[in-house]
Structure formats: C-alpha cells, structure tokens
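Below, each structure is written out as structure tokens.
Look for subunit A in each of the two complexes below; its partner is subunit B in the first and subunit C in the second.
What follows is the complex of A and B.
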C-alpha cells in the first residue's frame, strides 16, 4: 500500500511537507514511520493527516486514494513545565557542515532576549509571538564539549549544546599479516577522530566474508583476528567504521601465505671470534613444521656495510663471517622473511663484536733529522703511527735497536712507549744502523732500517719553486745507480722547527712529487730537502727547494737612508731590509721620484699609480736585483725640491714603503762655498786652538796689558801720513807722584739696563780725584811732568743683564772717592748688585774687550752714532783705553750707557 | 667573671627553662592547612581557566554569573558575616571538612568526563591536592579534639546528572563547582587564618636566673 502523509505547521492549512510511504501490510500490523523536522517540534504546533491507496497490480481497481484522516495535532509546549524561557533542540548531534535550526520559546511578554552562538550574538526569525527561530548554516566543529547556544533575559540564562562532529573518514592503509599462522594482525589508519564528550561513538568492526565471522575491535587502528585450525588460506576482510551519524567500510582479499611477516630473530651471538673470522649464530621463531625462513645477514664496519649474505634457517641460524680485519669492531644484523613468499621482512636484530689483535702488518715509515756536533751527532727519529688497518691492535711500544756499524758487536736497545712518534739519540761520529719496530700485544711489525753515516752533510744550493693550489711540485735530477728511493722533508710550520716535521717517500723511479698539506699557508716560505736513499739505506742530501704556496706582497717597509746629497744627485740606501723574511720572494724595488720637472729622468718611467697624480710628476725606477739596496738618484736640478720613496715588490705585487722623503738639492754656489768654507773653518779652528794653547804668548805679543806705544800701528800711520817728525814721549823720564783723574763735567747717568729702569742718576758736579801714593813723601809740589788721564785700565765687568750697572769698587772709600753719590743706600745697593753680578758673571764673560784708545766711536758700531752724539772727546791726545763689557760692544750704545758709565778699576790693577 | 659568663653560656642548652619540649599543639598544622589553601587557590586559578575554556563561552567569560540553578547540591561557601564570626572552632572546621568532602567527589566526577588527557592529568593532580587539604583539616580537628563528621550511609554525593539534565545545564554545574570551590578555598584561608590567631599561644616568656658569685 501507499500512504500519503501531509504535515502542517502552526495551523492545519499551513502544509509544509507531503510524502508517500509504501510498504507491504499485513492484517493487524502496526506500521511505524518517522519524520524528522528541521524545526524542533517543541517550537511549533504541527498537524498531520494520512490517506492510503492500494498499490498492487493484482488489484487494479483499488488504485484510488482513500479519504484523508482527520488532522492530528502534535503540541509539546504544554508539557514543558513552568519556566518562562526554553531553547530547543536539546543537545543535538550533527555533522560538521550541516544546517541546524534552533528556536527559543518565551512565555513572557518581555522581548529583551538576546541569543548568542558561542560569543557572537545572532538574530532570529520570529515564528509566532513567543517563538524565535535561528538558522545556523554550515556549522563548524569547535570543540569536543560542543558548541554553546544560549539566550539570556535579565539574569535568566538558557541554552543548549550543539554537538558538531567531524565527518567520519574511510579507514586508510588497511592490511593484515601473520607472524605465526595463528593470529592475523590487521592495522589501518582511522583518520581524524570524530568522538565528542558524551558522543564517543566512533567504532570499528572486522567482518570476514568466507567465515561470516565478525569482530568488534577494541582499538581504533588495529585488531587481532584468530586464525581457526581448519587452515583457511584465503581471507576477505571488511573493515566497517561507524559513528552515530555515518558508516564507512573498506575490504581486502588475500592469501594467508602471502601475508607472513616472521617475528624478529633472537639470541644473536658470535662464537669462535678470531682475528679474521667470527661465527654468528641466531634463532628464529618457528612458523610451521615444514616451513623455513630466509634470513638476511649484514655486516657493518666503521659505519658502512661490508658484507651481505642470505641464509636459509628453520630454527637455528649460523653463518661464518670471514675476511675480517684484526682488532676491529663490527656490527652484524639479521632479519628473516617467509621463504615461499617474501611479504615483509622481520625487524632487524643487531649485535657487535671485536676481532682479536694480530701483529702489525707493515713496517713503520721512519725518517730522521741529524744534527752534527763536534765529536757527536744528534739523531732525532720520527715515525708515522701505523694506521688502524696496519696496526692490527693497540700499539703498546716501539723498539729501537741501534747498531754501531764500525763496531758491529755493540747493540743498544731502546723501548719507547706508545703513543710516541719519535725519539732522540745522541751518537758519536760512527756509522749506525737503526731498526725500529712497532709492537702490540701479539707481536712486532717488520723492522724499518735507517743508516746514519758519520760523514757531515754536504751543502747544496737552494732553488726557488713556486707553489700552486694543489701543493708544491718538487722535482729533482735523477740519480743514477745506487738509489733505493727518495725522501722529501719539510716543516709544516717553518717558524717552529719542532712543529710537524713532515716527509714523503718517493720510489726510485720517480723524480718528482707534489707536496700538499692543509697546513700550508700563503705568505709562508717552506723549505724542502730532497734526499737520496742509497741501497745501504744511507740518506744523501740531493737538493734544496724553497718557495711559497702563494706569494704575498712584501709586508715590511724598507728603512731608506739618504746621503751624499749634492746639487745633482743623492744616494738612497736600505741596506737593512730583510728580504728573506718577506711573504714572497723579493724581486726588486721601485724607486719613486716626484719632481716638478715635466719629464722623467733617464731610467725612470712615469708611474701609473691611481693614488699618484701628475702634479708633481711621479716617476718610477725599477730595480730588478733584490740584493741591490742602494740607488743613486742622479741628474737632479740644483736647488730643487724632490720627493722620493722606495718600495719592494714580489710576484704578488708591490709592498708598502715609507712616506715620501722630501729632498731639496743645494745650489751649486753654496756647494762650492761649502767646499771653500769647510777648509777655512777648519783652519780657523786649528788657529784658534793654537791660539788658545799659546794664549799667553799671543797676549804678550798681540795685546799686552800695557801696550807699547812703539809698537802701535797708529804711530806708524801718523808718522807716515801726518807728521813724520813726531816722536814718542818717554814716560820713564819722569816720576809721577800723582795721577789726576778728571771726570767729565757732564752729568753721568747710570742706568740699570738689566731691569730697564733708571734706578738713580748721579750728577758729577766736580771732578773726582784718584790719588796715588807719591813715590816720594816730600814731593808735595806737582812735578812738571805731564799728567794724563788714562782710563785704559778701567774695567767694568758685567753680564748681559747687568749691562750698565755701576759697579763701585768696594774698597774705595766714598770720602776718598769724592764722588759719586750722596746716598749711602744707593751705594749699598750697588755694592750688593756688584757682588751679585760678580757671582753671576760667567768666567768667559768677564773677559775684557779691548777698545783702542783712538778708536772713534764712529768707527765702531754705526748704529751707536745717533745714540751717542754728544759725547765729548776731551783727551784728544791720548784716549783712554777702556774695558767694555761684551754686551756693550755688541749692543748699540745708548745715551745712558755712555763712556762715563764705565767703572773705574782698582789702581793696583792699573799699574802692575 | 668572664670565665663564669662563658661557663653559663656553655651550659645554656641544659637550662630547663629554655628548652621548649612537648606537644607543639595544633598551631603548626593550622599554619600548614592555611598554606595549603593558599596553594590550592593558586592552583585552581590555572585549572579553572583551562577547564572553562574547554567548556567554551559563555562559561569562560570573566563576567559570566548565571543563576545557581542546578547546583543546589553543592555546599555553599557564602555565609553571613555575623554568622561566620559566631562560628565556633569545631563547627568552622566541620563545615570545611564536609564541604571539601563533597567538592572532592564532584571534582572526581568532573575528571571522569574530561575528554582530553591533559585536562584529566590536571584535574587528577588537583584532586590529590584537595585530598591532602582534607587530611590536613582532619588533622587539625583531631588536634583540637573534634570528631570527624561521619557520612550517612547512602548519601554519598554523586555528580551524575539526571536524564533531564541537559548538556548546557551540565556545563553550568561544572562552572558552579569550580566557582564554589574557589570561594571555599578563599573562605578556608580566612577560617584558618582566624583559627591560627586564636590558637597561637602567646610568646613564651623565658626567664633566666643567674646566680653570680664574686661579681
């Protein structure tokens, strides 16, 4: 029959759904039909009616619809209770992405109800005055505790939890396998979890088609299936995944023998391990009485696989691992698979073992360094440690046997404990044979033999080589005959002779080798020595090579010294420049010369350096010989300015130089003048020295204390020019009893020049008299003899600062002196100044300058003329001789430093 | 004189008046209980934050304060101040003990429903701590001579919602459980602080008699 059903909402005329339901009916049968409303039924009154029709070909006449039943009203709002606010549906479970309708029923007329989905307020559709509906489309999964929808009015909060489940996925990678033909282990990837709080419904069921058995799995990703005893070979499994909303399934069909994965082997051990062999044994879990396993054995040494073998095993497996290295750690691992059909290998199981030690297999690579001393030789033996491959065990010590070849009976044994890589022997000048062996716990290596000849090493010339990126290509001339091989030795770090002494053995047929080392650094000079090893194992030095792996520019500046400066040339020298310690072979030097000339000097070329401009012109001279450390710059102009610089250069380029040296060539005249002046100065110096040595004699001869009028040149001059009859009065003819010293009537001013202040001025209003003791007491009357003034012997001593000081003789009483001052205090001051000045005056400055009596002031310093115009010359016949301080003679005479300022000297000094 | 003083100081430990021996009283255990409540307060602050986020809005909103509808069975911590002041020690401790006994049961039910392993670990750790607080309160009560309240048979509190209990109301109950627990811990801190001050003996007066000879 077919039943047609109509559903109305709110009122019977508002039909919202019409559907048919076909079923076979029996008599008195109660039929059940369900319909799910999108809008919760609590939110609205629903009406339903039904009619039927026979839908059977055997009753064609009955295909007429029956009458509609009366409307059935469905209204649950009356049974909700006393609350005033309800939210429906209650705790609904939907799948992610579904559309959901939620409503609230308010039994209160207040409309201040707000509804929120989680924390977002949403607006609904009013279905009737008390019902609002909210359509949520494509709802997402938020959390396992569900999505909260709630409405609140004042303090009333009513809500529901909408449980949104993730969509159940189809299981992936579903497979089954057995390890023992008793249990099938099925595994799969369940995908994402769809469980929620209170709705943890995701479950898995395993169904086997042929047996019809079903098993509910406890876990979400694996399940065990017991294999029955009737030896079913083919299985068709269906895995059913389901939750409250969805159901999914996946199937596999397989033969049991093709799904065998044996269990991991066990009890792996090694028996009878020797230096080169080991017997490996293991056990496997049986998978059947007549079944066997194929096992895969792998041997690893030093992290890489060395051997791989396949072994057929029933229960106990064994395999002899051979061709092993002594004293080496190996790791062997084994896994097994079902030999009839390899589905999957079992897990690996591994075990390690170490082979036993054996005697070292090769002789040590030994070299020596011999340092001869008078009467002895110091032999330093070096050897390279044996590789692990050749050592065959832990080297415990090295044996060194030294045999004196000149006295064969003498043998000396030395034991050097490992890990030494050398030893030092002090031997005499005899020839020795040295045998070195390495020893481990099992035995000794073959001996390395070196013969030390007592002969001194011959020197050979050093040859330069050039390093490349690959190393130093070292080659040498072949030596005919007695050659066992060659050895090239060097130091990895030449600055430290004890650091990394290296050597390389070369076969007798080779005469070249490329020496490479990670220690080679640019700019470091490496020295190589090539030795020939004779058949008697004696080393002979063949050649020496030196070179740089990469040359660098010179690192140090030459200290250039300039000398021999002439108007046309000068010499530059840098003798101390260390060419050997540079980071490259010095190939020569560049001499740069800057000048204001327009063209470079012969031999120079214009320097094309970026930092050098053309003003002034810079020229370069290239010196190709690194040993030439002297250069003469020629063809220069006199009295010209030049700048010069010297820089070294290597194949890598030019090194630094000192700053340009500035040179100005002298003029030719001055040059000549120097040639004249120098001998003159020398002669003068010789004369001065001679004069000094004979000063007394010269004084007597040239300027005695009392000049001899007869010797005066003036006399001869006067004689010859003015009055040839003029004679000299002989003073000896009279006996003087007094000398009257008459001062100038003009006022004399005394000024202290040192201070620049005029301390006092003294007016000499009357002559001052200096009385000499009469030679005869009785002679009271003046003699007819002429008295004359002679101030020649007045002396004034002064230094530069005390020029112009009046230094009164202390012993002259003021009353006798009759002059000079009315102020005693002044005298005291002067006296004090005098004493001070005496103390201050240096010895050489106290010398008196002799001024000729007749010398006119005008003949002296011309500059003094205007300053001393009024000095009268009273004694024209005989001018007094004066001693004048040097400063006065050197400085212009001022008015205040007139002649009268000269101090009188002690009379004793005058007449001695 | 100095030697005499040194001798006296040397024998100070042997002076009976200075040796405080015997039962220290309930003071230390009250202090420990007080410290434990403060620690649990701190611990619950973190746990409640995680759990309320797990429930989702509006339960994790700071100003969410719903009516206390379905949580009537929870022991109520709020009490009138005068009533609280008038509580005697025994009643005060009994109320604490009974409240935490109920809250612990509810909390264990909460733990069983938690979906995430991390949340279950946190809740289990807090339950252990709360069990410790309960034991500590029992210790204080024993020290003060108060008997432990015996639970009536068949009245073991459960946290199984009835069939009509919706998930939203269930979440509301969880919210109120955590809130009530927080309030109880705050109140307990006040209770034990008050008890501590009340029980704490006055500072011991030590009198040392020295008989000095020859001074």
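What follows is the complex of A and C.
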C-alpha cells in the first residue's frame, strides 16, 4: 500500500510537507513511520493527516486514494511545565557541517530575551508571538563537551548543548593475520574519533560473510576473531564502523595461509663459540603440524651487516656462523616467516656474542731512529700498534730480542708492556739484529726484524720539495742493488721531535710515494729521509728532502743596519736574518728605495705596491740570492733624503719589512772635512797617549822637583853652628846680597836701586835667572830674604826643554831690590850649594809645595820707601806663589822667619 | 594517634595551608568553566552557589570546634561524590586533570581533619579517609547537558566558598588545642572589644588579633 502523509505547522492549512510511504501490510499490523522536523516540535503545533491507496497490480480497481484522515494535532507545549522560557532541541546530536534550527518559547510577553551561541549573541526569526527560531548553518565542531546555546531573560537562563560530532571516517588499512592458525587478529586505522559526551557511540563490528558470524569489537582499532576448527581457508571480512549518525564499512577477502605471520622466535643462544665460528640456536612457536618456517639470520659487526642466511626451521633452529674475526663482538638476529607464503616476517630477536682471541696475525711495522755517539749508539725503536683486525685480541706486551751480530751468542730480551709503541736501546758500535713481536693472551705475532749497523755515517745532500694539497710527492733514485724495500721517515711536528715520528714502507719496485698527513700545516718545514733496506735488513740513508706543504710569506722582518754612508752611497746589511726558520724558502729580498728623483736608479725598477704612491718615487731592487744579506745603495745624490726598506720574499710572496729607514746623504765638503779631521784627531790622540806614557820622563826633564831645603848642605851648616834645634832654615841666616843675572839679553836694562834708576824702566825680552846669595855674616841687614826660582810657573823653561831657570823681569820694590843687591855674593854661594843639594834629594822628596800668599804691609805702598834702602825689610809678605820644598812648609812662618820676596812685576809670571 | 601528628600548631597550619590552596578557584572552577565553554557565565548570577548547598559562613562560625570538624568532614565527603559525578560526565579524551587533583587534596584535607579531631578528643566521631580517589559512584540520571554544566558551575562555586569560610574559621582557632570556648558569629569583633574593655571579673584576657568582617 501507499500512504500519503501531509504535515502542517501552526495551523492545518499551513502544509509544510507531503510524502508517500509504501509498504506491505498485513492484517492488524501496526505500521511505524517517522518524520523529523527541522524545527523542534516543541516550538510549534504540527498537524498531520494521512490517506492510503492499494498499490498492487492484482488489485487494479483499488488504485484510488482513500479519503484524508482528520488532522491530527501534535502539540507538546502543554506538557513543558510551568517555566516561562524554554529552548529546544535539547542535547541534539548533529554532524559537523549540518544545519540546525534552534528555537525558544517564551510564555511571557516580555521581549527582553537575548540568545547567545558560544557567548556570541545571535538574532532569530519570530515564528509566532512566543516562539523565535534560529537557523544555524554548517555548524562546526568546537569541543567534545558540546556547543552552548542559551537565552537569558532577567535572572532566568535557559540553554541547550548542541553536540556537534565529527564525521565518521571509513576505516583504513584493514587487515587480518594469524600467528598460530587459531586466532585472527584484525587491525585498522579508525581515523578521527567522533565520540562526544553523552554520545560515545562510535563502534566497530566484524562480519564474516562465509560463516555469517558477527563480532562487536571492544576496541576501535583492532579485533580478534577466533578461527573455527572446520578448516575454513577463505575468509571474507566486513568491518562496519558506525555511530549514531553514520555507518561505514570496508571488506577484505583472503586465504588464511596467506595471512600467516609467525610469532617472534625465542631462546636465541650461541654455542661453541671459537675465534672464528659460533653456533647460533633459537626456537620458534609451532604453527601447526607439517608446517615449517623460513628464518632469516643476519650477522652484524661494528654496526653493519656482514652476513645474511636463510634457514628452514620447524621447531628448533640452528646455524653455524663462520668466517668470524677473533676477539670481535657480533650481533646476530633472526626472524621467521611462513615458508609456504611469506605474508609478513615475525619481529626480529637479536643476541650478541664475542669470539675468542687468537694470536696476532701479522708482524709489527717497526722502524728505528739511531743516534750515534762516540763508542755507542742510541737506538729508539718505534712500532705501529696492530689493528684490531690483526691483533686478534688485546695486546698485552711486546717482546724485543737484541742479538749482537758480532758476537752471535749474546742475546738480550726485553719485555715492554702494552700500550707502548716504542722503546730505547743503548748499544755499542757493534751490529745488532733486533726482533720485535706483539703478544696477546693466546700467542705472539710473527717477528719483525731490523738490523742496526754499527757504522752508519751517511751524509747526503738535502733537496727541496714542494708540497701539494694531496701531500708531499717524495721520489728518489732507484738503487741497483739488494733492496728489500724503502722507508720514508719524517716528523709530523715542526721540529725534529720524536713525538710525531712517522714512517712509510715502500716496496722495492717503487721509488716514489705521496706522503700525506692531517698533521701537516702550512708554513711548517718538514724533513723527509729515504732509506734503502737491504736484504740483510740494514737501512741506508739514500736521500733527504725538505719542504713545505704550503709556503707562506716570511713571518719575520729583517733587522737592517745601515753603514758606510757617503754622499753617493750607503750600505745595508741584515746578516742576522734567520732564513731557515721562515714559513717558506727565502728566495731573495726586495730593497725599496724612496727618493725625490724622477727615475729609478740603475738596477732598480719602479715598485707597484698599492700602499706606495708615486710621491716620492719608490723603486725596488730584487736580490735573487737568499744568502746575500748585504746591499750597497749607490748613485745617490749628496745632501739628499732617501727612505729605504728591505723585505724578504718566498714563493708565496713578500714578507714584512721594517719601516722605511730615513737617510740623508752628507755633502761633499763635510765629507772632505771629515777626511782631514779624522786623521788629525787620531794623531793628537796618539801624541797624547805617548805623552801620558812618557809623563814621568817629561816631568823629570821639564819640571823636576824642588829640592828639599832641609836636606840642603847650607841648612846643615847653619844648624851645626848656631842652633841645633832648628828644623828649618832661618832666613835671617841667609841674607842675599847679590843677584846674578845670567844670559842677559842685549838691550835689557836693569836699574838697581843703587843706580838710582826706577825699576819700571826695566825691560826684559828674555827671562833671566835670579840667584839669591847669602849676605855676609857681618851684614847690618837684620832680615835678609832667600828666594828660589819657581819652576812651576816658568813657562819659558818648559819651552826651552833645557830646564834653565828663567827670570822674568820683575817689578821690584826699591827696598827689596836693595836687599837683593846686598846679597849678591851670597846668592852665588847658594847657587852652588843649591844645585848640589838637588842632586842629593831623592826623587820622591822633590815635590813642590805652594805656600799661599800673605798680605804684605809694604804692598801698595810704593811711595813709602824706607829711608834706609840698605836695611832689608822683613819678608813677611808674599804676593806671589812660591814653590818651596815640603820641608820648608813644615813649620809655621814666624815674624822672624818671614821670607823676603823678590817680585818680578810680570803679569803672569812670578819668581820668589 | 596512629599516623597523625601530635603537634597541634603544625596540624592547624597545614589545614590552613591546604584550604588556602583549595579555595582558589583557579584550581578547579576556572578550568571546569573553560572546558565546558561557559567562560562568560563564570561570574554571572547563573553560576552562583545555590543556598543550602554548603554550610553558610555563619553556620560554620557558630559551631564548636568538634562540630565544626564534623561538619567539614561530612561536607567534603559529599563533595567527593559530586566531583566523581562530574568527572564521569566529562569526555574521556578531555579528562579534567584538576578534578583528580582536587579529589586527592580533599582526601588529604579530610585526613588532617581527622587528626585534628583526635587532638580535640573527638576521634571516634570521624573516620580517616581511605577511599581511593578513582572510585566512582553509580551513574545517576543527569539533567540536560546545559543544566548539568550550570549545576557543576554552581556546585564548584559553592565548594570554593565553603573552603574559604572554613579557612577563616581555622584562622581564628587559638594556639592551644585545650582551649575551648563557644564561638559566636560576631566573636571577632568581640575579641577586639575585649581588648579595649577592662574585664569586669578582673581576669586577664588572652589577647588575639582577629580580622573583623
């Protein structure tokens, strides 16, 4: 039958929906039909009527619609209760993206109702005076606790929670497998979760088509299915995912034997592990009678797979792992699969083991460093540690056996504990054979043999080589003789330090090798020595090489010294510049010369340096010989200013130089003057030195010591006669009475008081001697004076080199002159005595003493001459220095003993 | 005293600190409202405590110490059940962690209340709390979801207010467990009044500084 249904809203005439419902009916059957209104039914009165028609070909006459039933009213508002505000639908579940209509019913006429969706106020459509509707389109998922919609009026709030669910997805990666033919484990990816509070309805169901069985799964991503015993091989599973809003399904069809994934093997162990073999055993879970597994065995060593094997296993698996390395840790793992159809491998299970040790398999790589001393030789042995591959275990010690080849019976054994990589031996000048072995807990390695020859005094030329990015290409001339091989040795460190001693063995057929090392640094000089190893294992030095992996510019600046400066040249020298310690081979030097000249000097070329400008002109001279450390800059202009600099250079370029030296060439005249002055100064110096050396002789010749009056024969004579207690000669006892002038030149006029002429009229062109002679005993003069010539002040005496007593023409006061005149005869006597006493005075007693001058009461009183010029005046005044022997100055001068003086009125020279 | 501390001051201090922590709405109410999406209603009148849901401030003050402890313990027990219901209604994937923490804190608080009751001589009236925090009450028919959210908000609001009031009561307790006196709703003011008023009996009153309401 077909039923036609009409639905009206608010009133029966407002038909909002018409639909047909066809179904097969039976007698007295109650039919159920549902219709869902987009507007909650609580918010509006709905009316419904229905009519029917037989829709059956066997009843063609009945194909007429029946009459409409009366309108059935659906109104739930009366049953809502006494509240004045309602919001519908309550707790509705919808899918994300669907459209929803929400309404509220207000039983008051107040219109101050505000409605908010997630705290945002929204406006609705008024359906009737009490009902407002809100259409929400494409609602989003916000949270699992639902989307809140509420309306407020005064203190009343009413709301609903709209549960927006995510859309249920179709399960992905649905598959089933068995490990034991008893249980099928089915897994899938459920996708996103659609469950909400109050609506946790997402569920999964397994349905097997052939058996018709169904199972509700407890989990959302896997489910176990029990395999029946009826030997069903083919399965058709349908996985049904559903929630309250949607249902989805996915199916798979498979043969059970093609969905076997064995369980992980267990009880993996290793039996009879030796140095090179190990027996691996394991067990597998049975998957049924007559079934076998294919197991995959992999062997890993040092992180990489080195062996892989397939083994067929029923219950217990075993495999012999061979070709293993001694004392090595290995990891073996195994997994299995159903051998009839490999669907999936089981999980891996792994286990590690270590093989046993074995004796070291190769001889040590040994080299030596020999330093000969007188009568002995110091041998340092080096060896490279064996690789783990060759050591076959932990090396415990090294054995060194030293045999004296000249005395074969003598053997010396040394044991060097590991991890040493060398030892030092002090041997005599004999030849020795040294055998070195490495030892672990199992045994010894083959011996390395090296022979030390007692007389190894090879000297070869050193040759320069150039390093490249790949290393140092070292080659040597082939040796036509017994050659076991070659050894190239070098030091990784800059100096020849043993810390980084390296060597490489080269076969007898090779004469070149590229030496590379991470330790090589640019600017460091490395020295290489090539040895030939004879068949007797004696090393002979073949060649020496030296070079840089990369040359750098010189690192230090030369200390340049300038000398030989002339008006036209000067010399530069830098003798102390260390060429060997530079970070490259010094190829030469550049001499830069700045001058105000417009052209460079011959041999120089204009320097093109960025930091050098053309003003002043800078020229460069290139010295190609690194050993030439002296350079003469020539062709210069006198009295000109120059700047000069010397910089070394290598193949890498020019190094640093000191700052430009500033030079100003001297003029021609000054240069000549220097040529004259220098010899003169030299000559004067020579004379002065000679005089100094002959000073004693000159002294004796030119100004001998004044004789000691105490030792005078005259003094001794007086002492003996009158006063034996006197220690000094009393001048009263010595009254000069005459002056004798010797060598009086012509024209010289000396007027004595006795002649009546003034002394000022006297003129002396040449000095003359004054001899003070003692007066006679009966002389009436009470104070005679004695005078000695003062050689110290007699310049003429030294000039004449005759040491003659020179008497200057003095200004003589009349009284004194008178006194002198009266003592003339005495002076003559004194002269003789004096000269005799000089000969008697020892040299050390002939020093001169100078008695200071005293003011004379007569001085300055030229006019007050004594009335009696014949009476001598006391000589208590000294106006001039007088040289007297030390004996005369020993006692103070008394009035009685005051000396009279004869003053020669020359400006500078006085004689007493 | 079993596992209880006999140090009254330490126990009282611990009770006050626990309540100071638990009365803070950020420990439970605020995260709950965020989870339910009702932040805007958090401070509205629709989220205020329903009268009678928890003992009022005055009611707590009028109680003697032992009665107060008894009331506190029984109320917290009801809170535990209600929190379990709330947790039940939350979705599995968004379990409110703070709910579980709050339940553990209530259990600890109840144990301290039991110990304090022992100190005051009323141990038999209260039993120590040993219930596991994960035990849930049987599911009860819930009202519609929106009303449930509002009820949860009101309940938690009352819960925090109740703890705040109880803490204030604890803060008025004396320094000795043996000191007993009947407290009145206005006794803080009385304390201050007594401070300035000479005793008629000439007895020396113990001075206490209390905050007035």
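Rule of thumb we're sticking to: the second predicted complex is superposed on the first by the 676 of 912 C-alpha atoms of A that agree within 3 Å, B and C clash if a C-alpha of one lies under 4 Å from a C-alpha of the other, contacts with A are read in each partner's own complex, and residues count from 1 in each chain.
Following the convention adopted for this analysis, a residue touches a chain if its C-beta (ideal position, glycine included) is under 8 Å from a C-beta of that chain, and two chains touch if they have at least 3 such contacts.
On a predicted model such as this, the values are computed, not experimentally measured, just so you know.
On the shared subunit subunit A, the superposed partners subunit B and subunit C overlap sterically. In the superposition on chain A, A:119 contacts both subunit B and subunit C.
Touch criterion met: A:144 reaches subunit B and subunit C at once.
Contact with neither subunit B nor subunit C is seen for A:172 once the two complexes are overlaid on the shared chain. After overlaying the two complexes on the shared chain, residue contacts for A:536 are found with neither subunit B nor subunit C.
In the superposed pair of complexes, A:182 makes contact with neither subunit B nor subunit C.
Comparing which residues of subunit A touch subunit B with which touch subunit C, the overlap comprises 90-91, 116, 118-119, 142-148, 150, 155, 157-161, 163, 195-198. Listed in rising order, the residues of subunit A touching subunit B in the complex are 87, 90-91, 116, 118-119, 142-148, 150, 155-161, 163, 195-198. Note for the complex: subunit B touches subunit A at residues 54-59, 61, 65-67, 113, 115-116, 166-168, 171-172.
Those residues of subunit A that touch subunit C in the complex are listed here as 90-91, 116, 118-119, 142-148, 150, 152, 155, 157-161, 163, 193, 195-198, 200. Those residues of subunit C that touch subunit A in the complex are listed here as 35-41, 44-46, 89-94, 144-146, 149-150.
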